[in-house]
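Two complexes are shown next, each including chain A; its partner changes from chain B in the first to chain C in the second.
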Partner chain A sequence: MSRRTLIQLCVYGAVCLAILLVPTFVDNAFILNKYGRYLVFGILAIALSLSWGYTGILNLGQATCFGLGSYCMAMALKLRTVPVHTGSEGLPDFMVWNNVETLPWFWVPFHSLSFALIAGIAVPVLFAMLLGWFMFRGRITGVYVAIITLATMVVVNLLIIDQQRFTGGFNGITDLAQLEIMGFTFDAYGRSSYYLIAGTLTVCLFFALAVTKSKTGLIMQAIRDNEGRVRYFGYDVAFYKIFAFSVSAGIAGVAGMLYTIVMEFASPTFLGVSLSLSVVIWCAVGGRQSLLGAMLGAIFVTGMQGALSESEAFLDTWMLIMGFVFVLVVLLLPKGLAGAVEMLVDRLFKHEKPQSERTALSQAASQTGPAQ
Partner chain B sequence: MDAVLPQLITGLSIASILLLVALGLAIIYGTTGVINLAHGEFVMLGAYSAWMLQTIIGLGLLQSLVVIFLMVALLGWLVERGVIRHLYKRPLDTILATWGIGVIAQQAIRLTVGGELRYVEMPSLLAGSVPVFGVQTSVFRIFILVLAAALFGLTWYLMYRTDIGMKLRAITQDREVASCFGINSRRIYSLTFAYGAGLAGLAGALVSPLKSVSPEMGATYVVDAFMVVVLGGVESLIGTIVSSAILGQLTGFLAFYSNDTMAKAVTLLSIVILIRFRPQGLFSKKVRA
Partner chain C sequence: MTDRPHDDHLVMRDILVSFNGFHAIEGFNFAVGRGELRCLIGPNGAGKTTALDLICGKIKVTAGNILFKGKSLNKLEEHQIAQAGIGRKFQVPSVFKELTMRENLEVAYCKSNSVLANAFRFGHRSEDDSFEKLAELVGLQDALDRSAGELSHGQTQWLEIALLLAQDPELILMDEPTAGMTHHETQKTAKLFNRLKGNHTLIVVEHDMGFVKEIGDVISVMHQGKMLAQGSVSEIEQNAAVKDAYLGSGGISGA
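Let's look at the complex of A and B:
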């Protein structure tokens, strides 16, 4: 392990530790819930960083997988609400209002919480595999990927709104039970949920880091830098892209599930265009080629937004400022703040050469032979 | 037959608005390769300019069209100079930057004019309706159709019969070689962007009496216009007009036979499939690298 990796691990670990320690200083349930929400967005940013920053797949529909995960969780929790709020035979209330007589077949397995937990990851992953297969086997790249992912997300969103009888339509799925695993209840406004989220965040961050440090991760970065050359080396580029796309989707699904837990509802806005584009902003500002940078970017930007959202006028001004910051970052700092920090560190300690974009490709070439 | 004709005319009306919005987008995309996500905001700014000229100066819509075109074109020119110009080598980043510009424009309007819906009065001259093949049709919609056709003609003339148009086509084919022949591609790019933005502004002004004006109105237009461009293919003016007609009729037809949401979903889905199998569009022979 190089010294650089060691330092990176220490920094990542320190940040996660700091996040886990927050509840010892904050005792306000409302604030903890709010921080929990920001952390969820941090996880979502990690997911996008993996596909956009490391593999060069600009997924403008990152919220699709987030929303799918969130709905899986919401369906399970809806079926567990106390009978007062539900219709006959445990039928969710919105179905009763829409004259649905029996529980639709795809709702039935969600009586089992373990099924829901698996589905919250599996559904987004399967969706991403399918979409990835559809796009990358056809060698669709660049802006077209962005457009297809965006359009697909809008389609899913419209379907959810349109199928009000089964999904709750515009209102989403509200009035949920609290998550209970093996007799332990996760209160949305308690420390338990915060720890759950912070713990998951740590796991996701290190999992994503492990992926990027692996041989596969190296090939992913090589694909980002020069897809054609990786293909000439004999690698199955589409396979690696689908892999990165699906892993990213899985992490987004996890984030979605957690978001339902802290928000206590699921809504079509969770797979909306504005959320999806916000994720892109967070990653761009924080630094898309750094998992930690993207995550902190998300936490910082949403945190600021949350702090200013008490006043409507402030929020509008904030969005205006964000627009300017975003354009400036795109223009001047393509690697975001993390890239700037890295550059600064490299300037201060010149022992190790910065890992430039080209080296990822040559490393991949020298470490491993052709795959086929 | 009774149901088909009004349907066709509605479709044609939708198509003419689509054409107006998409024409600017197609020119910008075809020439510079920039997917301008702020295009919808140019439409929105055009609509707001119409509203402002009407409420503040009391200028009618027809009289203010030229002013609006120039105003929004100037804005487009500034955006190209300030931001887009530095990103031609990074096409993915242009999506992000133009989206950021869109956000800025939306918020600026929301902060200065306010987020509530605004209404622009229809010119009294065009307020009535006349029978067309036995169907009562709004004169204003016919006016839009005629104007869209005229602007299309003007654009075609500019592209294929003027010096600047020839330079533009040369750059589209090969920027480096064109530059070697002494064509100032940066200047042409700025002008193209300004012209495209101006067209979008004009489109916004023209739809403002038909629909309410709001800061978010641009979003729907940019999606639809982008569909037209993708369907029609780059560098193909004919493609743009044909695909606006197809999409306009399709939207009208689908909205008539099923609900609006599903119509939109189906249109988007077909576009996704189209991009997958023919990213260069239906009417284009050459793909831009």
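Let's look at the complex of A and C:
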């Protein structure tokens, strides 16, 4: 393992540790819940960093998979609501209001929590495989991928709203039970949920890091760089893209499930255009070619958004300020904050070893050993 | 053409390529024996690059057949052709500019196409010194950990040649490999190619007649999408049809 990889592992580990330690200093349930939400967005940004930052697939429908995961979790928790909120024979309340008489077949397996947890990942992954197969076998690239993913999300979103009898429509699925695993309850406003999210975030981050460090990860970056050339070395580009797209979808699904837990509902807005575009902004600000950068970008931007929108002074102008920050970062730091930090580190590094000729802007993921 | 089906590594038969009705290549026949180094020359627009595009699968024949080791390439995708053992250097050097040279080599060294197998492959081959040796061979030993985007045009040419060596295909296609190289570098390339021939089959598209004389045994001349002549350097230089074809482009030796 090269020295750079080692340093990277340490930094990633330190950040995760810091995140896990937050509840020792914060005791306010409301704030913990809010931080938990930010972390969920951090996971979502990791997912987009994999597909966009590493593979060059600009997925403008990242929220589709997020929403699918979220609904899977909501369906399971809805079926666990205490009877007073649920219709006869455990039928979810909104189904009763919509004159549904029996639980639809695709709801039935969600009685099992394990099934729901698997589905929360498997449904987005299968969805991404299908869409990816269609797009990447057909060699659709660039802006067309962005348009198709965006359009698909709108379709899924409309479908969910339209099928009110089975999905709760506009209102989504509300009034959920708390997640309970082996007798342990995850309270949306308690430390337990925060730890669940922070722990999952750590796993997702290191899993994504492992993917990028593998040979497949390297080929993903080569595809981003020069897709055509990769083919002539014998790699089936479509499969690599489908892989990246699906792994990203799976991580987004995990984030969606967690989001249902902290928000205590699922809503069609989770598959919204505005959330999807926000993820792109988080990644751009934090540095899409760095998993940690993208994640921190999400936490930083949503955190700032939260702080600004809550303070009276900025009540009217916070959107403007966020827009300004975004434009500034994109104009001045094409590789986001992570790129800037790395440039600084590299400068120092260069200072120590003048003969080293590494690029200042070379991306975090493509780091190998220091120049001999 | 010669009638040695068992010796022929690559055969192109009655090829037609039509770009919206324009026949860039028509009635083209070509065969290269195993281990041979074949130079492919011809005036600009003769169809040399198009011929290489056909072999590596970048474009498909409109009619005709391409056989590699006796098997047709017509239905294969680019990556399948590469896996079958054909590598290509492009006229405009084509490398991964955002990756370091070492990473470029790592990509070129394609042991397995499988996504999942590669997802569990972490040990970099760079841990043995084969990449160092390759880099030394092409004179880029100091650039291994620099990003390829920083290299000069000539160095990028060398890098792409190194990528092909890492890929190690049976049949190597080179499109104007010495373009942008100094005289000294061109000679170095000639030496390298002479070493490769025998173990590899090479098809080299070239403008520089000096270079062609140094490496070529048999030269094939293309003109207006057809095979015009084939033979040794001196035969080609004497050939009247070839002289005519090059008329106006400063003669055959005029780069």
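Note that the second predicted complex is superposed on the first by the 343 of 372 C-alpha atoms of A that agree within 3 Å, B and C clash if a C-alpha of one lies under 4 Å from a C-alpha of the other, contacts with A are read in each partner's own complex, and residues count from 1 in each chain.
Quick note on the criterion: a contact is a pair of C-beta atoms (placed from the backbone, for glycine too) under 8 Å apart; a residue touches a chain by one contact, two chains touch by 3 or more.
Every value quoted in this text rests on a predicted model; they were computed, and no experiment measured them.
By the touch criterion defined above, A:Leu218 lies against chain C but remains apart from chain B after alignment on the C-alpha atoms of chain A. Of the two partner chains, chain B is the only one that A:Leu58 touches; chain C does not reach it. Looking at the shared chain after the overlay, A:Ala307 reaches neither chain B nor chain C.
Of the two partner chains placed by superposition, only chain B is touched by A:Asp162; chain C is not. When the two complexes are overlaid on their common chain A, residue A:Phe324 makes contact with chain B while staying clear of chain C.
Of the two partner chains placed by superposition, A:Ala14 touches none, neither chain B nor chain C.
Applying the stated touch rule to the two superposed structures, the chain B and chain C interfaces on chain A have no residue in common. The residues of chain B lying in touch with chain A in their complex are 35, 83, 86-87, 90-93, 95-97, 99-104, 106-108, 110-111, 219, 223, 226, 230, 259, 261-262, 264-265, 268-269, 271-272, 275-277, 279.
Taken in their complex, chain C has these residues touching chain A: 56, 58, 77-79, 82-83, 87-88, 90, 94-100, 102-104, 106-108, 110, 113, 115-116, 118-122, 124, 126, 142, 144-147, 149-150, 163, 167. Interface of chain A with chain C (complex): residues 210-211, 213-219, 221-222, 224-226, 228-237, 239-240, 243, 357-359, 362-363, 366, 368-372. Remark: chain A residues 58, 60, 134-135, 138, 140, 142-144, 146-148, 151-152, 154-155, 158-159, 161-162, 273, 277, 280-281, 284, 313, 316-317, 319-320, 322-324, 326-327, 330-331, 334 touch chain B in the complex.
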